[in-house]
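Across the two complexes that follow, chain A remains constant while its partner is chain B and subsequently chain C.
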Partner chain A sequence: MKSIKYNTDELEIDLQLRGQITLLQGNTAAGKSYLFNVLKGMDCTDNLYFINYNMATGNENVKAIVDYITNNSDKVILIDQSDDIFELHPELEETIAEDYKNQYIIIGRNPELIINPSCVSELHIENRKATLHYLFPEPLTR
Partner chain B sequence: MIKMKVITEDESSGKLMLEEMNRLYFYGVMKIDSFKGIPHLYRYIKDNEDDWTKYDKVVVIYDDAPNNPNVANQLRRVRSLLSQLKLTDKIQYFPIVSFEYEILTTDKIEIFAQIATHEQIKYFREIGKKYGTQQLYAKTRNNNMFSDLYMQLKQQAENKLYKELGYIDNKRLMHHITFEKMCKLIFANAFKHELFIDNDFRGCWNKDCCIKNKRNCNIVGDINLQADIKKSYLLQYSIYGLMADMISGILGIENEIVAIDMVKIEKQCFFNTYHQ
Partner chain C sequence: MLNIYSKKYFPMDKEVIVLPWEKYFRKYKITKFFNKSDEEIIKEVENTALLNNETIQGKFSDMPIGIGGLSEGCKTLLCINHAIKSGTTTKYIFNITSCGPNAIEYLAASISKSADIHAYCKHADWGIKNCIMSVNGKLFDNCLDASVYYTDLLEEAE
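After this line comes the complex of A and B, so read on.
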């Protein structure tokens, strides 16, 4: 599984991903959108792709996002405000559910995507270090 | 000795597997119970507060399957309750994907399944182990090998939605076609007629081999297998074997279960003409 590691002036980021879709939950002001914006503002994030509410307005923009997802692989796609985006564009949610070529970090409260409970995480920022804390263990595997 | 209770969301097959594990590995020392579906976990723990004084350890086994937001919500509530009661250390979580998934991805399980489904099972196991369940779900939905089953699920979901709403809502339809239902259908299809592991391990899983009355066993040719050996196979080669190892570490009980000569069984199955 992939991990995202970057050291910026603002944050030392170390996100270990689980499964194809990691759900990032947390209270308001926990720093989820802050993390999204710090990563988005960096230059060296070629393997990351960012989607937020502003980008997902208008059918043309959503079509461009769907095309990007369909035509790319091995990317980590971060989606902020996912509840609002999926409410407005269920087709995007469907595209993600069908995609097995990229990995996702979905920031939201309770998107109804195909997320395993073991992939539900919360963001912890302590002494500038940002990590994901998973709420439950991974399933047993042989 | 440590007193342990194991609670599982399964009411039928999954619970029976645990009861057999308890009997075959641990001399029946554990208490096995069901909380009857994930929506009832919190209530079960509230209603059985005595468990926390009676038992040293309570193991919770639940399905970590995609498409079920209830699981995370229930576990969150349970965690918060146990934290208030300062009982967090007494609980151990054992997530599995689901009973059907675990059996379908058990090594060599296809030798007990309908021949027409062998390729399906092998694909399912290989992709599941390599890429995980989220990707397996997507790949299964897009694979021709599973298109009939997928259409069957879609039809069922459409009928159900139409009854409820009077029209088909595509978003809701997608959420009705779950990974769990897909697993159940593949499982039922693979093991119908003979090896369907049901409420009572019906058929030959619960009985010693009946070849004395017939020329051949329907499943393993002329090998005379006792019911316990067949069950041991499922335990030994499935995730339940790993779970038993972990429980054994907690309980401090070491019990070697009946060893199974899989090579011999496989050879026999190769010559088994029943399915051909």
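After this line comes the complex of A and C, so read on.
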């Protein structure tokens, strides 16, 4: 499984992913969207693709996202505010559920995707180092 | 008191605010009306300080950042607090899905003390704090029992 490692002025990022979909949840203000925005603002993240609420407004935009997912592989796709996005565009959730070519980090609390419990994580930022802490220890696949 | 409803039980006389910050905040420009209670929400939930009505102390960067940099959960609470200040909470059902357990505990135990808040939520991660709240009209004296009850409702709905 992939890991995401970057060292920026703001954060040292070391995210070890498990399974096809890693769910990132936790307290309000834990830094989930902050992490998303730091990664999104970097230039050297060709293997990453970012979806947030602003990108996912409008049916044309969602079609472009679905096309991107369908036509790419080996990407790590990060989705912020997934609960709001999937409520507005359930077709996007369906596309992700059927995609086994890419890996996902889904920031949200209740995506109705089939999530392996061992892939549910919380973000820890300490001394500017961002890591994922999984709620269950054993790595299993989706 | 905080009243949470599953969709089947939504009161028909209320407007549903699906994206509080996107819709409610822009309409009412709520930052103009910030007071001590908003400062307290930002301090307790976001764990940072409001510097002026449009700026907060960055939590991770030590730099001042725009108010839009607040977490979605905290912004949702600020919108609800504005509704309390303007006496309009009975008009709305707020989507509090973006609130994590710490924000829902604060909403239930502190903000909702001064007004009846009506809300819906797509998850049941509501924390454990002792406080009176209701789910579809059924009363609970702590967040944990209420969330266990709501989990069953969410599973039934699926």
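As a convention for this text, the second predicted complex is superposed on the first by the 138 of 142 C-alpha atoms of A that agree within 3 Å, B and C clash if a C-alpha of one lies under 4 Å from a C-alpha of the other, contacts with A are read in each partner's own complex, and residues count from 1 in each chain.
As a working rule, contacts are C-beta pairs under 8 Å (C-beta built on N, C-alpha and C of every residue); 3 or more make two chains touch, one makes a residue touch a chain.
What you see is a predicted model, and the numbers here were worked out from it, not measured in a lab.
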item	value
Partner chain in contact with A:M42 - chain B first, chain C second, else both or neither	neither
Chain B versus chain C as contact partner of A:Q81, first or second or both or neither	second
Which of chain B and chain C A:A64 touches, first, second, both or neither	neither
Partner chain in contact with A:E10 - chain B first, chain C second, else both or neither	second
Partner chain in contact with A:A30 - chain B first, chain C second, else both or neither	second
Chain A residues contacted in one complex by chain B, in the other by chain C	110, 112
Touching residues (chain side chain B, partner chain A) in the complex	62, 64-69, 71-72, 75-76, 79, 93-97, 105, 107, 129, 131-135, 137-139, 141-142, 170-171, 174-175, 179, 238-239, 241-243, 246
Residue ranges of chain A in contact with chain C within the complex	10-11, 25-34, 53, 81, 83-84, 87, 109-110, 112, 125, 128
In the complex, chain C residues that touch chain A	18-19, 22, 45-48, 59-61, 69-74, 97-103, 122-125, 154, 158
Complex contacts: residues of chain A adjacent to chain B	19-21, 90, 93-94, 97-100, 110, 112, 114-120, 135-142
